[in-house]
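Which chain is which? They are A, B, C and D, in the order written, and residues in each are numbered from 1.
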Amino acid sequence: MDYQAILNVIQKEFSPHEDMGKVAGYIPELEKVDPLKFGVYLYCQDGSSFQFGDSQEKFSIQSISKVFTLTIAKELLGRDLWKRVDVEPSGTPFNSLTELERESGVPRNPFINAGSIVVADALLTVLENPERDLLKFVRKLCGDDDIFYDESIYKSEKSHGYRNKALVNYMKSLGNIENDTEKVLEFYFYQCSLAMNCEQLSKAFMLFANEGLHFQTGEKVIDKQSVKRVNSIMQTCGFYDEAGEFSFRVGLPGKSGVGGGIVAVHPEKYAVAVWSPMLNEKGNSALGMKVLERLTTLTGFSIF
Amino acid sequence: MDYQAILNVIQKEFSPHEDMGKVAGYIPELEKVDPLKFGVYLYCQDGSSFQFGDSQEKFSIQSISKVFTLTIAKELLGRDLWKRVDVEPSGTPFNSLTELERESGVPRNPFINAGSIVVADALLTVLENPERDLLKFVRKLCGDDDIFYDESIYKSEKSHGYRNKALVNYMKSLGNIENDTEKVLEFYFYQCSLAMNCEQLSKAFMLFANEGLHFQTGEKVIDKQSVKRVNSIMQTCGFYDEAGEFSFRVGLPGKSGVGGGIVAVHPEKYAVAVWSPMLNEKGNSALGMKVLERLTTLTGFSIF
Amino acid sequence: MDYQAILNVIQKEFSPHEDMGKVAGYIPELEKVDPLKFGVYLYCQDGSSFQFGDSQEKFSIQSISKVFTLTIAKELLGRDLWKRVDVEPSGTPFNSLTELERESGVPRNPFINAGSIVVADALLTVLENPERDLLKFVRKLCGDDDIFYDESIYKSEKSHGYRNKALVNYMKSLGNIENDTEKVLEFYFYQCSLAMNCEQLSKAFMLFANEGLHFQTGEKVIDKQSVKRVNSIMQTCGFYDEAGEFSFRVGLPGKSGVGGGIVAVHPEKYAVAVWSPMLNEKGNSALGMKVLERLTTLTGFSIF
Amino acid sequence: MDYQAILNVIQKEFSPHEDMGKVAGYIPELEKVDPLKFGVYLYCQDGSSFQFGDSQEKFSIQSISKVFTLTIAKELLGRDLWKRVDVEPSGTPFNSLTELERESGVPRNPFINAGSIVVADALLTVLENPERDLLKFVRKLCGDDDIFYDESIYKSEKSHGYRNKALVNYMKSLGNIENDTEKVLEFYFYQCSLAMNCEQLSKAFMLFANEGLHFQTGEKVIDKQSVKRVNSIMQTCGFYDEAGEFSFRVGLPGKSGVGGGIVAVHPEKYAVAVWSPMLNEKGNSALGMKVLERLTTLTGFSIF
């Protein structure tokens, strides 16, 4: 498979223009990003890699971080985690309170905001310094220490995160938050404000394309069963209220963030990260969705 | 892979006992089935097949039929179908009206009842005799003419189908049903009352494990793109409010029916059908779920 | 109190013009009415009466009929009725299915469609010929035999009543409908298609302004307790999703219908009927609301 | 009307016993109250008054305070208030988030928690010291300076008010809260922790039974139009999800609090306060409801 040729086709076919969507506007800091940024990085199981555009420029990974925290929490808590968060797709937007009320404070899955906040709370309970441990874990996955959180994003999230404050307090009132709500949110905003580039993201996600082994060292980070589970949750819940559409069009497990990033995984083949900050109305990168659809069409294989 | 050895392990490990769940009770005819029936049939891409138990006994396929009607409708209507039914997982039970109201009469996906009723309506519009054509299609897929609908089930459905009557009339009021509501329901109840055995089901579903080619003749029935799409919908929506759980535990696209059948597909490898009529509280075969989870664990591969 | 002077002021202040609202469009027959029709009739406890405009022209009373059927059902069934229908205001539109699903098929009150359909079903169980008995009851209340149902409205309702068909079948599926769903709807559509004029309506509603006594004969039709209860339900639930607004602006118990009629009652003082077919977006007569608000402002008394 | 004789009958008929309901348990401080406390105070327009039991003992007025803040806000903001809070009854419990989400952050009415929090926020915007001004207003209404807030209740509310924290942050995220969320909640918890006795409450509510005039001085505090409006909102929304039931059984505008108090008003006749801390499952005083129902039955008049 000549991946570079395919990426070249894609780069030629899709160039970003401003009416493709809108840069995330719910926090001022995110609005400042150049909407025309566009990059792709694809890392293969055999160690080869392919890229174009702004693949080396860091951006706010936002909800993509939910995959990292879920992975750590699953390792540390095992099955107990599923008592506090379900694994079913949600029929409502990522920050909805309605479904949470119907389900008595147990979020539908770990990728809607409420679910990831529960995961953050669970990590706060078992880790002494969750911020440090998360950063260490992500750096290790990428084999790259040049990863930091973006303080201006963090502060912007914190001073505008009323919806997330509502979610954590609501779950606290129903007994599904163990720690101080402010502390939980601080860690949650920290994870969302990690900044990474497409290369780092695709390398980190090789874990899920490589049976749980580190892409470089071959070290076993998580077991195959965990890979299966995280991939399965990405497949059914990775794109908020558009999970079915992504599964339908792209046919790969993946996760998006409102920073405009999407990472997708072809088990036993590759991990790929796309970045284009213009979002469609469901909050996923509009161009990112198209690129990945074209990629699986041109390569001729999805998981289905 | 020695599938027969694996099936033997599974048969030994799991024997049905009456407290595993409850036989479907919403129509009297379905309640009559022996709860201890248990059979598996696995058909491989290379033509080999493996089985145990009641794999030759017919049962009511119920919602599994939704995959057949979706496949036909997709071929006949193409993209137009998606204007009338979405492809997103549902956050509520299979026969809920709430979500349908929120979405103005466009069902979340073709596998909840409302969605399959829309598919039935679409087929009624384009086919002169949809019952005949559906039966012909299914028989052809299996290479077996010994497939019929069960009239007693059909009549039982028809005289107790108030919830489905509510759904079709509600969608009619919102302009998403083209034909006479009674006629639509008659066809819908007809499809649900088809009776098939595990062998027939696994052979029919080889279509989705074999890039759209007939398992026996190799004839191209649907294109690869359609296979990808139907598999993707099975993956995210095939088990009502338990789709995430199935995806998480089994890791294969599949579809269940309240008759106790489940069919699952490993693209490019096999199709497998399980039958055990005792349902868990979500309406899926309790034992069927366990068998398929064990199968993917023992074979060591899922799509993830 | 010089009611005629007040009505004259109102007639002068408010003249109907076409941009006040839209004539009910959900059935073709109702759309044919002249939107500029406008009439008021006020009947006092002392036997005096006041009117202007089209107060003698009959129109489709629609949901106003729900007060009549509720009154009969309350007399015949007593407290048992409240096991099947609640008395709480509804937070959703008059024909919503969502709330009904949340409350397991027990409608919030007898004035949303679902609730009135349950009342119709209850009457079908206890009356041999409910159509005849309803007509007899209404004629007696008005002291006027010149009241009939409008067959063209009835047929139009019947051939377009998909939403109501959905409601009755949904409740049947949950065990809250005793009779054949078609028969229940036929009676429900019959009651909605009664045609009356403002004079007849205000006289009929004197029952609720006169402690249950017939306006003319003084005969006790229902007891004071029943008057209190029906008035209370009109107060909290008489205007669909605008009950609070009506209570707030007008301050009287009342009931509206999509035919453009509104009847309101001042206990121990008067009953008043207004007709203007242009509806606001909540489905209540836009001008009717204004007229009654002005009336209670000018007379200086509401129940509050 | 011999009110004292009627109260004597009621006192004899109803004596509190512990299985009537449960004392409010959502904050520890409220749980400490003696469940068998029971008192009534009725104040008539002519200045006479009647009472029995613990009518002089203070208790936490909780949501009854919402009537006071609404009255002040209506005077200060006029119609602008209704842009931020609606006047429709709610179909869901007093602290629900679902309805709030459907209505985009505009609470259904000023008596559900969300609505009263918006009123509190509105007062924070226009008053320099809202706590002081509220206390002054209430003391003036009662002609009694012996009214204070209960600091232990206040602190208990503040340290357990996660649900209210969720509500205020959710509305802030939707732009319907102007001030700092913590400050808004502090004022809201302050108003809820006011302690008053039945005598004080009935005197304060005479405003609404006396055309807006002070019960003692005759001074005009609010105009008749405002009385009509507040009474109308009490009638349709004063008892959370049991407003219809109260209206149906009692037939008077009123307001309850989880401290076990209920105040009801008969316009132009009297105001009455009952206290019994055992709540029914809807959160209203179980015995209080019965007492008021019996009162309107024995006196023979409600507003209907």
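Everything that follows uses one rule, which is that a contact is a pair of C-beta atoms (placed from the backbone, for glycine too) under 8 Å apart; a residue touches a chain by one contact, two chains touch by 3 or more.
Labels paired with UniProt names: A, B, C, D = Glutaminase.
None of these values were measured; they are calculated from a predicted model.
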**Asked** Tell me, which chains sit next to both chain A (Glutaminase) and chain D (Glutaminase)?
**Response** none
**Request:** State the chain with the largest centre-to-centre distance from chain D (Glutaminase), centres being mean CA positions.
**Result:** B
**Complete:** Cα centre of chain B (Glutaminase) to Cα centre of chain C (Glutaminase), whole Å, reads 47
**Prompt:** From the C-alpha centre of chain A (Glutaminase) to that of chain B (Glutaminase), how far is it in Å?
**Reply:** 32
**Asked** Where the CA atoms of chain B (Glutaminase) average out and where those of chain D (Glutaminase) average out, how many Å apart are those spots?
**Response** 55
**Message:** Two-or-more-chain contact residues of chain C (Glutaminase), please, as numbers and ranges.
**Reply:** none
**Message:** Please classify the inter-chain touch graph. Allowed labels: line, ring, star, complete, other.
**Reply:** ring
**Fill in**
Chain pairs that touch, by label, are A-B, A-D, B-C, C-D
**Fill in**
The residues of chain C (Glutaminase) that touch chain B (Glutaminase) in their complex are 96-98, 100-102, 162-163, 165-167, 169-170, 172-173, 181
**Request:** Sort out for me which residues of chain B (Glutaminase) touch chain A (Glutaminase) in the complex.
**Result:** 86-92, 99, 108-109, 224, 227-229, 231-233, 235-237, 241-245, 247-248, 251, 253, 267, 300, 302-304
